[in-house]
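Each of the next two complexes has subunit A plus one more chain, namely subunit B in the first and subunit C in the second.
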Partner chain A sequence: MISENTQEILNGIILKSEAVDWLRELDVLDQSVYKTDATNFVQTLEKEVNSKLSLAIMNELKIKGDGIEARAEALREIRDGVNSLPEIKLEVAVDLPTAMIKRISKWLKENVAPGIVLDITENEEIMAGVRITYLGRYVDLSAEKNWTEVWKQVTSELVTKGETSYGGNSV
Partner chain B sequence: MVEIQFEKLLEQFGEVGFVETLSHSIAKIKGLPEVRMGEMVMFESGQVGQVMALDSEMVEVLVLSKSAVKVGARVVRVGRTMTVSVGEQLLAHTLDALGRPIWGEPIDASKFEFRPIEMVPSGIVYRKKISKQMSTGVVLVDLMIPLGMGQRELVIGDRKTGKSNLLLQAAVYQARLGRICVYAAIAKKKSEIKRIEAFLQEKGVWGNSVVVATSAQDSAGEIFLCPYTAMSIAEYFRDKGRDVLVIFDDMTSHAQFYRELSLISGRFPGRDSYPGDIFHIHSRLLERGGNFLVDGKEASITCLPIAETVQGDITGYIQTNLMSMTDGHIFFDGELFFKGRRPAINPFVSVTRVGHQTQTSLAREAGRVLLDLLSGYERTQSFLKFGAELGESSRQILTMGDRVLAFFDQPTSKIVPYSMQLVLLAMLVSGMWNGKNLNKLLEAAEKDNTIMEAVDGMVESSDSMNKLIDQVRKSSEKLLPHLS
Partner chain C sequence: MTFEVLGILVLAIVLGVVLFAYDRSLRELAGIKKDKIDFEQRARRRMLKILREARDKAVEIVGEAQVDAGNLKQMMDVEMDRLAKEQLSDYKETIQNISKNIEDEVKNEVGELKKVLEMETVEAEKTVAKRMAEDYAQAEKKIEDYKLAKYKQIEEGAVGVLEEVGRKLVGKTLNFREHTDFIISALEKAKLQNDI
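Take a look at the complex of A and B:
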């Protein structure tokens, strides 16, 4: 089990791409665990991986010790921790600015699940709104879904107005 | 069209899954929290699948399509189990495992009803004792290994010993009597499927037949479903009051493909690497056959599954499984095949558990007579190996045995009506006929209805072999000229 401090660091992951980067970096570290001593391992941590991951690993090593098995266990537990972070897929129409992503992430972490990560994809076809997939549930809040009905309504209104304005001649 | 349907289902259920891993025909999907076992699912690209297993993290789906599903593709629930569309329009068509025509005219789908592919077999209240004989038109089978309407009889033997030919003869004969024939060709070559279709068309019974076919190139999922689809179609016709003959060709291939699916999906292998539920896979299919009460009348589904052996070994796992869940077996002996016997059936090893109760007293006596003759013949034959000189009685036994074997020698293209079989046997036993030139008589009977009328009359008015022989002696002028 990872410590609370480490879990807090993991909960700071916002995007799925970040989580994927963490896993890739953990793969690199896995390969060096049995080939280096403790000092070289720390140097690898400082040079090869991002600061958050490095901090998480150091946290774990403080508790578990700096032997080879301890390092391997720390990496394994952090990997399991990253893999078990809940994921929410958001399909949006436009590329969201970073500030908005952070705001969305903050709201979700407070109201849905603490370590939730966002998997954001862009799809212009939905025009506006969002399609959400979380734990197998799907909600479509996009503009595209109602577009056909809206368009029918608009065209019928235009046709009606045209008939009134032009003395019965259709537009 | 596919996209619209996919989006509709997505909106209807509000659930989605994503393909995590894909291995041959098994896709592991994350999501779909309320999906049920056996439920149909649809992939984004339009392919369908069936849920095979559920665990806390993943849903295992059997993909029913050869075209590739992508990892990461979305999957949606369809909300029902696998169904096949059934109707009278299916007759005279070759279908795939999902009930769609493979080639030929498209089918008018407006009058279809849908039946689940997997059904719980009917209970005992809806079943009747098997009481009517099911003739195959093959002399050796009808006289020595009789079958009943609703019986499940395994046809077992080495490859290329004539098993499929026997069943095609049976299908043609039954179809000519107005019964429906459903032929499930499981993982066959396309040329073989075409050959089956052409044979049924040539014999003029295509209008009463349905072929459900999968080739070895199809996905393992479709091959797995093929016999169940055939059975669902058979059940539709049974519920319409028709008697149905279903042929499964062959169950050993079906077991091999199911083994492949189970091993890919990580199930623990049992004996011969088959999964533990291999018995249930076949028994739940064959239990759907039988003689049933439908709206106060009897309607039957007779099942003739085929099992292949290697070097005549009937003690294999799948073979013994099938033998235990059927009402008997017809054994095709490779040695007899190489000796030139056609059909190469060994009547001493073959068994029919319920066929005899469907026979008249005349037919039972005929079977006993034949068994005595053949047993004596085999015993006497064995003395020939020692080079012993034979007495007159032994030579007579051998002569009679040779005549009986000549009588049994029947090409695939010839079908002998049951009453004709009894009359010919009476002629053979009484010495009026030597067992040869049967084809001439059959051709004459096809042209002249009075021959069959006379034959039917003789059989109906006789309840023992002696009476039948007397009847035949009186009316022999009708038949003997065609047999000389």
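Take a look at the complex of A and C:
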């Protein structure tokens, strides 16, 4: 079981792609656990692993110790923690800049789940708003959905007016 | 155009039939008149032959009876002549009556035939005119339907283009902050609906 501090670090992951990178780095570290001593392991963490993951592992090693088994356990628990982060899929209209993604992530972490990670895809067709998939539920809150309904109404009105105006013509 | 030509052809055929029937009737009438004259001549010849034979027979009888042949012959001739005239007159009258009946009958038939043909001609004209009017109305409706379909097609095409333009405008005219506001607003709505 990882510590609260480590969990907080994991909760700092914003995007699913980050979580995937963490898992890849954990795989690499797994292989080095039994081949290096504690000093070399720490050096590897400092040089080759991203700072947040490194901080999380170091945090766990402080609690569990720096033996081989402790290192292996720390890596396994952190992997489990990453894998258990809730994921939300968001389909948005534009390629949002990082600042805007952080804003959305902050809102979700505060209002939905602290460790929630975002899997964002871009789809110009939806115009604005978002399509959400979360815990097996899908909800379309895009402008495209409303636009289609509004446009259908406008179109039918236009066509109806067209029929009225052309209907009385004679050859 | 085709129906007009067809109508003219039908009328021409009907007129031809009328003229042909009329001509045939005239020919039949002329034939009847000729037959009547022939019949009269044949009747006259036959009558004279009968009278001559009768007279000869009478003279023979009278001669045998030793009667005054001259007087008797003269008397017989006068009588025979009178009888012949009477007979001829009757024949003539009868034949004239027959001829007149035939003529009246033929005239009636020709008149009725003419009436029937005239009626048929009028009916044919009406039918052709009605058919032409129907075809014209049908063609007019087809053109009108085609026009409406084209207008609709053009209008729908224009509406499709407008929709695409509108769709792109909405997406492009928002900046990142507005997009983000929109997204967070949607997330809030989803949260309220317990979708997330």
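For the reader, a short list of remarks on this structure follows.
Criterion: the second predicted complex is superposed on the first by the 154 of 171 C-alpha atoms of A that agree within 3 Å, B and C clash if a C-alpha of one lies under 4 Å from a C-alpha of the other, contacts with A are read in each partner's own complex, and residues count from 1 in each chain.
Following the convention adopted for this analysis, a residue touches a chain if its C-beta (ideal position, glycine included) is under 8 Å from a C-beta of that chain, and two chains touch if they have at least 3 such contacts.
Just so it is clear, the structure is predicted and the values come from calculations on it, not from any experiment.
In the superposition on chain A, A:Glu8 makes contact with neither subunit B nor subunit C. Of the two partners, subunit B and subunit C, it is C that touches more residues of subunit A. After overlaying the two complexes on the shared chain, residue contacts for A:Asp119 are found with neither subunit B nor subunit C. Judged by the touch definition given at the top, the superposed model places A:Ile132 against subunit C, while subunit B stays out of reach. Legend: residue contacts after superposition of the two complexes on their common chain; A:Asp21 is shown touching neither subunit B nor subunit C.
In the superposed model, A:Asp66 lies in contact with neither subunit B nor subunit C.
Shared contact residues on subunit A (touching subunit B in one structure, subunit C in the other): 135, 137, 139. By the touch criterion given at the top, residues 140, 143-144, 147-148, 151-152, 155-156, 159, 163, 166-167, 170-171, 174, 176-180, 182-184, 186-191, 193, 195-196 of subunit C touch subunit A in their complex.
Looking at the complex, you find that subunit A touches subunit B at residues 133, 135-140, 145. The touching residues of subunit B, when paired with subunit A in their complex, are 10-11, 13-17, 30-33.
Chain contact summary for the complex, subunit A toward subunit C: residues 88, 90, 92-94, 96-97, 100, 103-104, 107-108, 111-112, 124-125, 127-130, 132, 134-135, 137, 139, 141-144, 147, 151, 154-155, 158-159, 162-163, 166-167, 169-171.
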